[in-house]
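Shown next, in structure tokens, is the structure this report addresses.
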Amino acid sequence: MREFIHGAQAIARGAIRAGCDFFAGYPITPATEILLYMLRELPKVGGVAIQAEDEIASMGLCIGAALSGRRVLTATSGPGISLYSENIGLGIMGEVPMVIVDVQRMGPATGGATTVAQGDVQFLRWGTSGGYPVIVLAPTSLADCYSLTQRAFDLAERFRVPVFLATDKETVLSQSTVDVADFIDPPVRERRMASHEVKFIPYQMSAGEDVPPMTVYGSPHLLRFTTSTHDEHGHLTEKPEKVRALNQRLNAKIEDHLDEINLVNADLQPEAETLILSYGVTARAAVEAVRAGRQAGKLVSALTVYSLWPVPEEEIRKAMNGVRKVIVPELNLGQYRLEIERLAQGQVEVVGVNRVDGQLISPQDILVQGGVL
Amino acid sequence: MREFIHGAQAIARGAIRAGCDFFAGYPITPATEILLYMLRELPKVGGVAIQAEDEIASMGLCIGAALSGRRVLTATSGPGISLYSENIGLGIMGEVPMVIVDVQRMGPATGGATTVAQGDVQFLRWGTSGGYPVIVLAPTSLADCYSLTQRAFDLAERFRVPVFLATDKETVLSQSTVDVADFIDPPVRERRMASHEVKFIPYQMSAGEDVPPMTVYGSPHLLRFTTSTHDEHGHLTEKPEKVRALNQRLNAKIEDHLDEINLVNADLQPEAETLILSYGVTARAAVEAVRAGRQAGKLVSALTVYSLWPVPEEEIRKAMNGVRKVIVPELNLGQYRLEIERLAQGQVEVVGVNRVDGQLISPQDILVQGGVL
Amino acid sequence: MREFIHGAQAIARGAIRAGCDFFAGYPITPATEILLYMLRELPKVGGVAIQAEDEIASMGLCIGAALSGRRVLTATSGPGISLYSENIGLGIMGEVPMVIVDVQRMGPATGGATTVAQGDVQFLRWGTSGGYPVIVLAPTSLADCYSLTQRAFDLAERFRVPVFLATDKETVLSQSTVDVADFIDPPVRERRMASHEVKFIPYQMSAGEDVPPMTVYGSPHLLRFTTSTHDEHGHLTEKPEKVRALNQRLNAKIEDHLDEINLVNADLQPEAETLILSYGVTARAAVEAVRAGRQAGKLVSALTVYSLWPVPEEEIRKAMNGVRKVIVPELNLGQYRLEIERLAQGQVEVVGVNRVDGQLISPQDILVQGGVL
Amino acid sequence: MREFIHGAQAIARGAIRAGCDFFAGYPITPATEILLYMLRELPKVGGVAIQAEDEIASMGLCIGAALSGRRVLTATSGPGISLYSENIGLGIMGEVPMVIVDVQRMGPATGGATTVAQGDVQFLRWGTSGGYPVIVLAPTSLADCYSLTQRAFDLAERFRVPVFLATDKETVLSQSTVDVADFIDPPVRERRMASHEVKFIPYQMSAGEDVPPMTVYGSPHLLRFTTSTHDEHGHLTEKPEKVRALNQRLNAKIEDHLDEINLVNADLQPEAETLILSYGVTARAAVEAVRAGRQAGKLVSALTVYSLWPVPEEEIRKAMNGVRKVIVPELNLGQYRLEIERLAQGQVEVVGVNRVDGQLISPQDILVQGGVL
């Protein structure tokens, strides 16, 4: 069945198919469409959708709902991520599975409400104190909105961590005709719950586990939840060995499982001199640029990065291998390029193609400014 | 005159000597001492100090006061920076001179209130949407607290930008005996104000200017101030050329003046094989490690970075030149090390020495884990 | 069908039968049961029930919903009425039909959360600035809870005014077995809406009308709504004749229609020397006292007042006619007695029987302290 | 020395002369002038004046300051009294001495910001749950503003109760030339403090005391303060005898000391047929009306009521004694007239002269509508 939908719908539908049954948010262009869709549709499938009094309350509701057994989604734009910031830290500390959509608009501050941007790339990674890892996925298309939202829920459950969908005004508000039958629903990962048979210790793991199982408020278990550094019982502690163990685990549960998280699409050409590495809405232009470049007889490879954070270093190194130059087009002043420069290790020239005027980067921009044509 | 003071006092005194006449903040360990000092002392010099109802209000008051002609300071810890985040974006967009102290404690979330950390290094740089630059200074000692606070005010006025002092629980709450006579007060930079003689256009510059002059609310000038992308008149605009001009200027006013901002201390030894690069409280151990290493007959250089952001790339490259290895000790999982890896370009091995257990890194940790001894 | 229910349920059911399709409130003992019931039951009949972030938001939501065409209910206790106060004034000024339940507990302040009282009798009448009239109904029983809630909705629609249900912890939380078939549902009064055919002037009436018809936000009409003194167009005005006309109409629409509002139950005995005048939970003891008094050979009349405000003066004067003494039992220090003293005009002795210790007044209390026995 | 001042200044000066050293409030026309004066002048005498974030916070600050030993004032208008309502209940329950100025403007809701009214007369008495007494004083002139503010502080300390100054836009914002030397400062009543020698029981009294002595937070005493019904230790209780004792005492400490509170000015003429009873700004017209009436050969008495609540019943009855008619002019629909009707006991005709159009009542209005001329 062919339908004419926009990215907001794709995200919302993907979420519902991934078992999402709770949404709380506060309106902000260009994320409001997701809120409106969820307010209308989530109750129909037995879920709860709330427009809270502000963003701080929204994230509070999401965390509370997640701990009560819900699969939660929220959506906002850059200024809203700011207001989520403190509670995102709580989500990391408390290992709360949830999915947060950032529909990027031009910043800083309210910037341009209806102007496309990719300015939150580093912000999503580093936007709360302490610096512990989160996962960030970036859809390039309407179909990605659907599938990466599902993947975001999957990873949130797998690792008990906030997972971001870093998208943008253009991707979320543009409409396309899609064949809904093309949308494939992967199996929904069940939340791993602690058995009622055994004594529950909130942050204790059995042998072989890398993430502690959950329980819900209201279960026979006593669930301790604290914003502070804690031991496996959920008791606040400042004992160095307990503090270190917790903090290292928060990092390792992500960094040691890159194989489950990393997602890129590599269109590599043997002997290519140039690699175009892109993500999000800009990847669409990059794909076009590769096609046009090849038509013009150039040897050009492309790497589309879907999992921005943690940086899929191995996949990127592999794609850079042998090329002389990597072009990184971004709708910001060169944020992800910093990561590529770090990985290039002086072996590959890194060239940014950047716009911060609210316009999209064109394939021509990439080829000309990148020095391919 | 010798006095027994702590870092909080040094920061507060430095601020007052730099002309600070407004403070608003909300209590949070370990930053509360600064608030308390300002509440007591600022009125004595004709200033205003306010404990606001929360962090969001605190930053709102600071921005309003700055636009009314005040020199403003606020102080908090990581969770408070989260709550400042949206208004920091406004400070960047509106080009508001102000100084923000982050007394780092262990994160994420409330983490450890009285536990030292350096986990906000990337957060301070990237903690608001859009990704536009701020300035971050890191004191290593009580004397630095005094002098870098003054420098922070100087840079805030020079560039009309929020300037952070990235310090920590240990530096701010430890007491030392200092000879106050050693504190040298550099001249206070006067705020560059628009003449009342000419028509005021809020964001317009004359030839040769790189930052527009200011006015105050209540002056004969009409002062437009908006959180949105705007033209030189302060009118909201989405015209690509205006948007680009604004955004590029917000970046260029910092990036093009690194010579005025960069501040490091290089203790370089000819033929050194190893460079210890450090900042903040950890630099004290680094200095000790260099001394001990040299005593043990090792060739070791040291670079203390005071201006963390923008990264003083040239100074760092120069210090790395010729060494085989750079050791980066940090009280986090290796945040600033990412910048060093980027700059190393594969020519120098980068080794992190990291603790996240709430304990300080010792000189021995650096030498042993860094492979010097 | 016989059911075992409490007063909260009776109120909630009565509301739904009266067409209530919106509820917003904030939990407070002993009113929380009504909130919980509505949260569960209102969605089942297509209504919306919200636990808002506080009482101020609750009343804001109620007013907004009423102006959008909903029939709204809220429920709280004394401290919540305080927080409603400002918006109750807006409800009076903006002529917003709504029903507010006050489940009285012991005051002042939080007083006794689970302790019965009738201390808000004057508060409900005078609890907002300006002194314009509202309507207050007081149920004496579970059956009254059901029927007076319906009547409250009817009067709210009729007069576009906030109508209170002044009840108490005892009445709302006690359970009884009732025969639901005994609950008779009067016809639901349709809201009088302005025709879409004619130009809408928000506060203009046609000949013969005493209350202006309504419209809803979202209709073709332009609906102006202001908290300030306004003319018939809803434009703010300070013109004396317009101000007077508005204020007098707000009063007259209630005071000139006592025949539609007043509700008492008179059980008068010829030649009675004593009248027991009561309301609310205390009326149950009064009825018992009358029975006991008569059994003891005393000539005693009873008047139960259901419509506390406006004071049903004519009905009260008629009941007092000929008696020598009127006994007014109240769970406060004699609030409604002030009204009776005013009406007694020195012709009848007025005796209060009062308790403020959290205990109910007994029939014996009335008879003995009232000097009947 | 003659000065040209307005009522706001007279109130603020009177407060400072009465020892006021704390003010917190939020701006609202026509009370803002008092806030502004206090913000400027209170620090000069070592006091603290705060513009809080809203009215709820203002009252919270006032209560906290009072319990810390301060003499507190706040000022607002009708809508602000609504927001104070919950905390006024706390002030009654916790026996907090404080003075609250209500500069009445036209209600309900925001009504007319700059329009005079006397619509809060019953609201001030009954504006919080439970119905326990407060004291309300009404100045008629600039000189009264000065002296009654002092009296308000005196009574607040004497009875540990919130005392209102019921004034109005006209009285507070009109300017007159006064001879400041005429302002007589009565001795300032010292707060009765519990001795540090003896164990402190927060609500216990010695023989002969009718109000418990106070202590301050920070003293050696343990000060329990609760919003709930409590015993003499400040422990929450629901024991009927404790609850009754507390509630009766809250009432009796006011009602049993009318001799210390009641304040009227009687200008009685032997054989007078008519009494003009008035308060506040309207009393000025009443005085003129009496003079004009007498000039026209009428026998007219006047009673100006300064202490509105508790109602000075004895003084009013005495003034009504022998007259045939009492005229009660008010800038509302007849609120205080209800009290007079109650006291008249059918012996005296009570006639209201009322305006609610934002204009003052003239002497002529009183004489003509009152049927004197």
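By written order: A, B, C and D. Residues from 1 in each chain.
Simple rule for what comes next: contacts are C-beta pairs under 8 Å (C-beta built on N, C-alpha and C of every residue); 3 or more make two chains touch, one makes a residue touch a chain.
What you see is a predicted model, and the numbers here were worked out from it, not measured in a lab.
*Asks:* Would you mind naming the chains that touch chain B and likewise touch chain D?
*Replies:* Touches both chain B and chain D: nothing.
*Asks:* Taking each chain's centre as the mean of its CA atoms, which one is farthest from the centre of chain C?
*Replies:* Result for the farthest chain: B.
*Asks:* What is the distance, in whole Å, between the centres of chain B and chain C, each centre taken as the mean of its C-alpha atoms?
*Replies:* 60
*Asks:* How many angstrom between the C-alpha centroids of chain C and chain A?
*Replies:* The computed centroid separation for chain A versus chain C comes out at 53 Å.
*Asks:* Counting only Cα atoms for the centres, state how far chain A is from chain B in Å.
*Replies:* Computed from C-alpha means, the inter-chain centre distance equals 29 Å.
*Asks:* Residues of chain D that contact two or more other chains, please.
*Replies:* Answer for chain D, listing residues that touch two or more other chains: there are none.
*Asks:* So that we know how the chains sit together, what is the shape of their touch graph: line, ring, star, complete or other?
*Replies:* ring
*Asks:* According to the definition of touch, which chains form touching pairs?
*Replies:* A-B, A-C, B-D, C-D
*Asks:* For chain B, which residues count as touching chain A in their complex?
*Replies:* 77-79, 81-83, 85-86, 88-90, 92-94, 104, 106-115, 117, 119-123, 125-132, 227-229, 238, 240-241, 243-244, 247-248, 250-251, 332-333, 335, 338, 341-342, 344-347, 355-359
*Asks:* For the complex, which residues does chain C have touching chain A?
*Replies:* Going by the criterion above, the answer is residues 43, 52-53, 57.
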